[in-house]
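I am attaching a structure below and will ask some questions about it afterwards.
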Amino acid sequence: MSRSRLRARLVPYLLVLPGWLWLVIFFVVPTLVMLSVSTMTGDLGTGFKQTFHWSTYSDGWRLYHVQFVRSIVYGLIATAICLVIAYPVAYWIAFRGGRHKSSLLFLLLLPFFVSFVIRTQSWNFILSDNGMVISRLKDWHWVGQDFHILATPVAVIGGLIYNFLPFTVLPIYVALERVDPALLEASADLYASKTAAFRKVVLPLSMPGVFAAVLLTFVPVTADYVNAAILGGTKTTMIGNVIQTEYFTNLNYPLAAALSFILMGGLLIGVFAYAKSLGTDDVLDMAGA
Amino acid sequence: MSDDRPADQLPPDLLRGLTTPRLTRRRALQVGGLSALGLALTACSIPGAAGSKLGLSAARKEIEKFWLNQHKTGQFRFGNWPLYIDVNPKNQNDHPTLDQFTKQTGIKVTYAEPIQDVGSFFGKVQPQLAAGQDIGYDLVVITNGLYLDKMIGLDYLTPLDQTRMPNFYANASDLVKDPSFDRGNVYTMAWQSGITGIGYDPKLVGREITSWQDLMDPAFRGKIGMFADTEDLPSSALCAIGVNPETSTPGDWRKAAAWLRKQRPLVRKYYEQDYVAPLSKGDIWASMAWSGDIFQANASGANLKFVVPKEGAPIWTDNMCIPGHAQHPLDAMTYMDWVYQPSVAAALAEGINYITPVPTSAANIIKDANALTGQDKASLKEFASDPLIFPSVADYTKLHRYRVLDAQEQKVWNSLFEPIYQS
Amino acid sequence: MTALAGEALEASLNEKPRPAPRTGRRRAGRWLLPAWSWLVILWLCSPIIVMIIFGFNNTKGKFNTNWQGFTLRWYHQLFAIPDLTSALKNSVSIAVIVTLIATAMGTLLGIALGRHRFRGSGSVNLLLFANIAAPEVVLGASLLSLFLTLGVPRGYWTIVIAHVMFSIAYVAVTVRARMAGLDPSLEEAARDLGAGPLTTFGKVTLPMIMPGVMAGALLAFALSIDDYIITSFNNGSTQTFPLWVYGAAQRTGGSVPPQVNVMGTLIFGFGVLLAVLGAVSNRKKV
């Protein structure tokens, strides 16, 4: 009896072992290695040595704090706009979709079957100064002759919104989908107007979804660099671009590692602060919603 | 027609620059690394490379011994940049010169285009080179500059077999023989050279562009493109302020950085290599550009012009070299010298549209032209005398190589110029 | 696509379609929601439409930016660029391998977390959360640091390792959600009937969580085949489809060869086909 009890107690650990091991070796350990690299000095010619050179962090902040702040600002703006766009769509599919719910959801996600590099390059083409859209606008004198979208923050944020919208829509959709329509009927029976029903019933119930949506949108948007690389210009460089350049063009691994850590640290602090502000202690519970 | 050959009469100061024995001894001393690549593997540190140093004649003996032990294997792997070889118009994967090579020598070529820019390619292969491993290619094409200097300095390249370079020594132009970045062609043979000048759309710009200062014209605000790198960008800025990059001083660098900073508000974007489509679409009107790119853009229907600014412009050379621990060095060596025959160089020049290292190939191009008729004949004849493919002696006085930097200077240089395109 | 994509999709696919709530009054604002949503869907599709159109562009040179006439030849010459074809092959084969490995490990994780209470489950949950929340740049860069320090050459298998690393958590979270919603009485009934733990798992548990497992697998596949950032840090000289397309566009300033457009069109068409089939089967269901 106790043997099978023991086996039963071991089962979850055995189940968890392979995945946990993989994550520890290829996620946790590399993060620690990166921490160690960030305090090394040297260059490719002479090799890098561990010197506990913590001032790389202050150097990184001094050189690139503008890009850090800019990335966070872009992240906040893009996430906010994503929420505004995504919520009505998620609501519509969840409550008005009927038997077509899964088809509509699929239709919404269909463009994301195509590689995002192709999609973003298409936007690069569509939004070009003398391309189909802007030349029409110029012809109709809706904008000045010098008007351009590409190489401005508008293009980069637009690209970010476009590419990360599904991350916003889906969590909200899942949360809304769980709302029992009987609750809405009940509120109607109690003479609540539709807006009141929404404000007092649906919205609060969807908050876990909104939280997850904000989390899953803000973090990748802030750390993205592809949109800025394809659609951006001189004043739209994000911290992701800097990290990538430091790794691959300047080959300055310690600085790149330090910048990555500052980014990750900042995001984690932001996430936990946001969770606290929503009044929940268990971030994981929220995110699992 | 082909009187303007940059072969024999070079201006004396250029000749002086080409032949000053600045780095011969240092380079040759580091060649000894062929026999032993030290590995600096400290716990928790990224391995660098340690070269060993031998005397000059001992080094030469080592190289000879190495090549005596090599045998042809019947194949080699060629890693190149994209769009940098002739292409069969009917079949994009077929490269007629490679087929010709295989037919004549029996050596099969595995051709790939993994190099997008030198920095990231170097970053990718550096660990393997440092660890003494084969990087998957026997022949690669590396631009002169910081990374080629690093590769030479770190013993990552296999020195060439000087006895197997007859075509090179017979036909190579003086620009690429014994260049400042590889004295004596110990490690490299030029593939193609190119000029970094200004490409512009004459319709949108409305006037002729003749100078780097034109890229400071407030009339082009927001319509200017510059490069995001630490070689072409600073060198062009140095030319713009009237300084020869090759002999520039840190004081000059600071002035050049100031010029670039003044220009920043007018620049739309600092491009890596992707300025051509915006230029042809009209997103930018004028940009730093590579000579061959403008050629190829015009062949695809664009109407752009390329100009070498009057203050001068950087000229760079992409070089064939054999990485360390290559598996098929002798076959690669055979190919490298084979392409220096004028007929082959002509075919390559017609396909690549950059500066060929074999000036006498112009005659072969004329011959090819005479075999055609009408418009094709005329444009090919024009091609054979185009100063962007066959620069004249006068043109060469305006073209300058990059500054060769040591480790200390690199730090200063990078700290001055990286923030310009990175912020 | 998130873990919730899987949950969302399989929730929609498996529950009975709910009737719309009856509220009685007609409002002018009723058309607002659908109009907004269709507008969004149209906006999402617009670059796709451009991509499809330029797959028919009869370009003569190397740049696919100006319309030069209609042609179908790119559909014939789909595999004319060997680097592109091998990049596509790499992407697909990597995605398949990654899906198999990540789904296996992630499913086990999800079952353990969704069903069992054990010491350390909190920290495992935290690990998964950190993995999902960490930005791609950090995941890719840190793995690169590891490979650089150990001197591991980067290539095909480092890509596989990286992709499995970020996919496990998504599969695990999807399966965990499904597992947590399961009625344990079915498994208890099986045990009462004398089934051993493996039989119970194979004949009762696994079929019940299969939609979650499938959703997780689909997710892992989609994440792997379109990944750019993490792959770009760890690929060495191996090319995958997104890497190749990005590189091609970088070199030409935004122009990709028509073959890329054609491939994108075919993938998109395949997705449309699936959507249509799904809609048709939905209609049949009710």
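Order as written gives the chain letters A, B and C; numbering starts at 1 within each chain.
We take it that a residue touches a chain if its C-beta (ideal position, glycine included) is under 8 Å from a C-beta of that chain, and two chains touch if they have at least 3 such contacts.
What you see is a predicted model; the values in this text were computed from it and never measured.
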On the document's contact criterion, could you list the chains that touch chain B and likewise touch chain C? A
Of all chains present, which has the mean Cα position farthest from that of chain C? B
Could you let me know which interface, A-C or A-B, is made of more C-beta pairs in contact? A-C
Distance in whole angstrom between the CA centres of chain A and chain B is 40
Here the gap between chain A and chain C, centre to centre from mean Cα coordinates and rounded to Å, is 16
Where does chain A touch two or more other chains at once, residue-wise? 33, 37, 128, 247, 253
Multi-chain touching residues of chain C, meaning two or more other chains, are 65, 148-149, 249, 254
List, in ascending order, every residue of chain B touching at least 2 other chains. 44-47, 278, 281
For chain C, which residues count as touching chain B in their complex? 59-63, 65-66, 68, 80-83, 147-149, 151-154, 236-237, 239, 247-255
For a test of understanding, state which residues of chain A touch chain C in their complex under the given definition. 9, 11-13, 15-16, 18-20, 22-24, 26-31, 33-34, 37, 85, 88-89, 91-93, 95-96, 98-126, 128, 162, 165-167, 170-171, 173-174, 177, 181, 184-185, 188, 194, 212, 215-216, 219-220, 222-226, 230, 240, 243-244, 247, 253, 256-257, 260-261, 263-264, 267-268, 271, 283-284, 287-288
Provide the residue numbers of chain B that touch chain C in the complex, in ascending order. 41, 44-47, 82-83, 91-93, 112-114, 116, 124-125, 127-128, 130-131, 133, 135-136, 271-281, 296-297, 299-302
Interfacial residue positions of chain C with respect to chain A in the complex: 1-2, 4-5, 7-9, 11-13, 17-24, 27, 33-34, 36-37, 40-41, 43-48, 50-51, 54, 65, 104-106, 108-109, 111-113, 115-116, 118, 120-122, 124-139, 141-146, 148-149, 161-162, 164-165, 168-169, 172-173, 176-177, 197, 222, 226, 228-229, 232-233, 241-242, 245-246, 249, 254, 256, 260-261, 264, 267-268, 270-272, 274-275, 278-279, 282-283, 285-286
The residues of chain B that touch chain A in their complex are 40, 42, 44-49, 117, 119-120, 122-123, 126, 150, 153-154, 222, 229, 264, 267-270, 278, 281-283, 407, 414, 418-419, 421-423
